[in-house]
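So, here's a batch of structures to check.
Across the two complexes that follow, chain A remains constant while its partner is chain B and subsequently chain C.
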Partner chain A sequence: MRVGIPRGLLYQYYYPFWKTFFEELKVEIIVSSPTTKEIVNKGIEFSVPEICVPMKVYTGHVEQIIDKVDYVFIPRMVSISDKEYFCPKFMGLPDMIKYTVPGALNKILSPKIKSDSDSIANPKFYGELKSRLGISTWDLHRALKKADKAWNNFRALSKKGYILTDALDIFEGKKVPSKEPTFKDGEVTIGILGYVYDIYDPFISMDITDKLKELNVNVLTFEMLEDQAIKDSIKFMHKKLFWTFSNKLLGAGYHFYQNPKVDGIIQVTAFNCGPDSMIGKMLELESNHFEKPFMTVRIDEHTGESHLQTRVEAFIDMIRRKKMAGGVSRESNLSPYGLNTSI
Partner chain B sequence: MDKVYLGIDVGSVSTNVVAIDENNRVLSKQYIRTNGQPLESVKTGIKKLKNDIDGKYKVAGVGTTGSGRQLVGIMIGADVIKNEITAHATATINYVPSANTIFEIGGQDSKIIFLDKGLITDFAMNTVCAAGTGSFLDHQAERLGIPIQQFGDYALRAQRKVRIAGRCTVFAESDMISKQQFGFSKEEIINGLCEALVRNYINNLGRGKKIRPPYVFQGGVAANAGIRAAFEKELGEQVTVPEYFDVMGALGSAILSKEYVEHTGHTTKFRGFEAADIEFTPSSFECSGCSNLCEVIKVEINGETAAMWGDKCAKWTNSVKSI
Partner chain C sequence: MKVTFPHMGSTLVYRKLVEMLGHEAITPPKPSQRTIDLGVKYSPEFACFPMKVIMGSYVEALEKGAEVILTSGGHGPCRAGFYGEMHKRILNNLGYEVDVWVFDSIKRDYKNFMNIVKKLKGDNSWLRLWTILKLLYQVTKDVDGFEMQLQTKRAYETKKGDCTRAWDKIQHIYNSVQDEKGLKEARQQCQNLIDEIPVMIIPEDQKIRIGIVGEIYVVMESAANMKMEETLGSLGCEVRRSHYISEWIEHNMIPKAFSKSHEEEILKKGEKYIEIKIGGHAKETMGNIVDFHEQGFDGIIHLMPFGCLPELVSQSIMPKLMDDLDIPVLTIALDEQTGTSNNLTRIEAFLDLIRNKKRNRLSKVS
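Take a look at the complex of A and B:
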């Protein structure tokens, strides 16, 4: 028995859980390859037209593995927080894939995840798998427990300050954790706001975290923060947003504004993302109040990197020059001059 | 021999080459239409500039900017290769130190840059839409049969007001056609268009931001007196067009190269004016190493590979170590 896991959407956040879970059940898993142009093209071909690019990319990942597996694992993500929900596209994703990707109709495993916390280990979500994969209640419970533990270890890496791709590599044993994730004092620190499937898909975000690292910039993201800290920073709002990850981003945004270490915020958003239009605007308006620069980078299917490069470079130049003028600079490595590294 | 610093701005519509002295005074400026041939334009510009300064000055630093900055930076041996936003702002801060807001409208993009005490505090660039940039005005001038140089004067002669939809060039064009059919004159249509573009610019780029005078308007489109007048009308304030409005990006990159050389003490990598004669061949190929099929750009100088880029994995980029 083989189960496919598409390398898209929440893969970056829950893969350690899913992997451990299926391995404990002795089910072989096949993960689609990192996003390529071909996957994107297939995704565009097989998805509904008016949808955001991460959904299209996900569709392409399903298409890549559909013929090689007995099932594709596409959980129906409804909620992971009380009175908060996922974007409706996530809730409808299994159905959308069923009818758009050829051969997917009877191959989708879609346990309905309706949790009150980020932990998705409650056995009652996974009843569907017992009959379809032929596993006992006992085995299900045991595998979920292990999976939850592995996932918590992985989350702890993020909170130590590892960027998600590094945390995943450490989880898979491809990388040994260094003593401390490198955080260079005195350098520019940028808070990046964006969903894991946008930021960490090198094709979608055009490797924005790497581009920033090349410019000697420290990067902070929402998943490095404690859940409570995120919640606390938007406590003042009369009402939360409906969408869980959008709340996390909004909370992280406010946290970055208040954190004196952070010099500026870059929001990475996929063209036509509804929830982002809300949090982007809110944080843009707050930028004046906190006197910290905020920039939105909008991404879509195109692959031209120059617009991203120009904006990111200019944003960092701006902050660096300001830091220099403010007298916080250390001569040697804060020069705003010099060749950029993009050639 | 006195030192001179060169700045080259390779844009989609024009290629600008300037030379400044140590006090940022402009010694030579060349504004050349790119016509889809950036390398040829740079060569022409360099040759013209050489006539102005060769023998009298020694080139001590070179900076490039604009969408073609990388390619030309390699060709010429640039010390600084900088994005357009930093370059434009650097020039403005030097030539109009009091400026708080820069409107820059070029051939294919437009930006707004906010300054405070000589530092950039914020900026915005047009995102998915090129409405209101130089190319669109060029196109409309051609359609109306008016030389683009006279576009602004036409706008200033308008008698009546007419509102043109400026949100999108496609709608703007159909709106212009229907207003022409209603009997409005070319002058009025052009004036309406200028006002629409300014409205669109302010709404798009300045949205939600505090726009503070003094205002500076630069970039190729600043030559258009109609657009400048529309800005002044919309904002109710005077808008300054600096003397060298059309080459500000090039000036900024020249200043940045000067700062870099002074700051680091490096000697310039400038290949000399002969660079304009070096045989310089860019080519591109599709890498078949994986399914990304990246378009890789390769630049050869006298048959030797000088630089490569465009590959996501940097396999080709790193294969060329130094130039």
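Take a look at the complex of A and C:
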């Protein structure tokens, strides 16, 4: 029995859970390769043009492994927080893949995740796997427990400050934990706002975290923050967004604004992302109020790498100059705030 | 109290509800280019198209002196859930002292629902309120029924515009219905109006029936969909929509125990293609197409606001559904930049395809 795991969307967030889970069940897993041009092109071929790039990329990943596996694992992410949901595209993802990727029709394992917290280990979500994978209730419980533990360890790495890609490497045993989780000597600290599938996909964001490191910049992301801190920073909002990860980003955004160590914020977002356009606008408006530079980088399948590089460099340069001139707030007549151009 | 409400197709029910409870109804004008321009100007650029048009309508109603906006909440977890809040904030910022009352489904938020009901009810007795609601429900049922008749007849009217004129008159007639007796008279009068419209006789096998499905606002509001129903009618097609007000009331306002709503059946039919409700009307869209197909419709026009999250999911699955059911579907994405002429060409080509398909099928049988 072979189960395929596409390296897209929530892979970066839940892979340690999924991997441990299937290994415990003695199910062989096949993970698609890191995103390549070919994967993207396949994704484009099988998607509607207006859909966001992460969805296209994911579609390409499924296509790459569909013929090599008995099942593809595409959990239906409905909710991981009380009264909040996933973006409609996530909730309809298994249906979309099922009917668009050739050969996927009967191969999709999509347990319905309706949790009230980030933990996705409740056995009641996974009932359908028992018959399809031929496993007992007891096995299921045991594997979920183990998976949850592995995942919590992995999340703890993020919260210590490891960049997600490093945390995954440590989880896989490819890297040993270092004394200092991340690079912490940079002259500038940037909060990056974006979904894990945008920030950590080498194709989508073109390794933006590495680029920043090369520029001697410290990086902070939402998954490094404590869940409570994120929640607290948007407590003041009367009505929150419906989407959990979008709320996390919004919370992280406010946190970055309030955190004196953070010098500026870069939002990385996909063209046509409905939820992000709302977050982006709200945070852009706050940029003046907090006197911190905010920049949005919008990405689609045609975005060139040099363009991204130039924009990021210019942004960092600007911040560095401000800092040398003695702090951002003193130069308010040279307003760099709320830069919101797309590339 | 001067109360206004969104313009979504017809404003009859909202207006009557408000007036019969003793408030002053400020009916927003039918959305025009000005409405859309105002909406675009005052809405954040990322907002969905329906939100922008509604924004424009509110501004126009406020210009006419409205003090309260009465509206219904979003459908499922989507951006629309914020519209009430966002509209209020923007309008207040513009200097309008306006209150926004959002009717969410009674099944979802009973307390809020009852709160608004109490505010609207004012000094009226509960019995009076009940009588009004019952009457209005009848009115919507009647009016929806007449609208359907016109949607059929429009395809065959000998004098262009007869049906649309009749439709305006019907709404006018029902607007002055105050009680059961008036209702009966109106019913008779309107039926006569419709029966008098002269039509051409078209053989059954040449009739074309088109279902319009998709996101509720762009399906219901002709100003937002390039007058899709009239366009199709003038091209000789009978039309039905996926949404009618009486069905919406049945689904959202009447407790489940009393009725198994039409919408639930539709959802059931959509389940094969989109298993769960994902927000907006995506699942209904699939279910409605299956339903129209079962009723023998010849084709489907699928309307969605540009970039609409849930409808992008239905659009993705559309090729498979078209294949399964062998029914042509034309998806049209709408926003303030939608060009009418380009889409008209697409619609004409689509209808040609349907006619050819029908002809081929018939010649095969004989």
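One rule holds for everything that comes next: the second predicted complex is superposed on the first by the 321 of 343 C-alpha atoms of A that agree within 3 Å, B and C clash if a C-alpha of one lies under 4 Å from a C-alpha of the other, contacts with A are read in each partner's own complex, and residues count from 1 in each chain.
As a working rule, a contact is a pair of C-beta atoms (placed from the backbone, for glycine too) under 8 Å apart; a residue touches a chain by one contact, two chains touch by 3 or more.
The shown structure was predicted, so the numbers you read here are calculated from the model rather than taken from an experiment.
Chemist: First (chain B), second (chain C), both or neither: which does A:251 touch?
Modeler: In the superposition, A:251 contacts neither chain B nor chain C.
Chemist: With both complexes superposed on chain A, which partner does A:322 reach: first (chain B), second (chain C), both or neither?
Modeler: first
Chemist: Looking at A:96 after the superposition, I want to know if it touches chain B, chain C, both of them or none. Which is it: first, second, both, neither?
Modeler: second
Chemist: Which holds for A:60: it touches chain B only (first), chain C only (second), both, or neither?
Modeler: neither
Chemist: Is A:36 contacted by the first partner chain B, the second partner chain C, both or neither?
Modeler: first
Chemist: Residues on chain A in contact with chain B in one complex and with chain C in the other?
Modeler: 281
Chemist: Quick check on the complex: what are the chain C residues that touch chain A?
Modeler: The touching residues are 44, 46, 48, 77-79, 81-82, 85, 273-276, 278-280, 282, 306-307, 309-310, 312-313, 315-317, 319-321, 333.
Chemist: Once bound in the complex, which stretches of chain A touch chain B?
Modeler: 36-39, 202-203, 207, 271, 281, 284-285, 287-288, 293, 298, 300, 306-307, 309-311, 313-315, 317-318, 321-322, 325, 335-340, 342-343
Chemist: What residues of chain B sit close enough to touch chain A in their complex?
Modeler: Touching chain A from chain B are residues 67, 70, 73-74, 78-86, 117-123, 125, 127-128, 208, 210, 256, 259-260, 263-264, 290-293, 307, 309, 312, 317.
Chemist: What part of chain A is in contact with chain C in the complex they form?
Modeler: 47-48, 50-51, 76, 78, 84-85, 87-89, 91-92, 94-96, 99-100, 112, 238-239, 241-243, 272, 274-275, 277-278, 280-281
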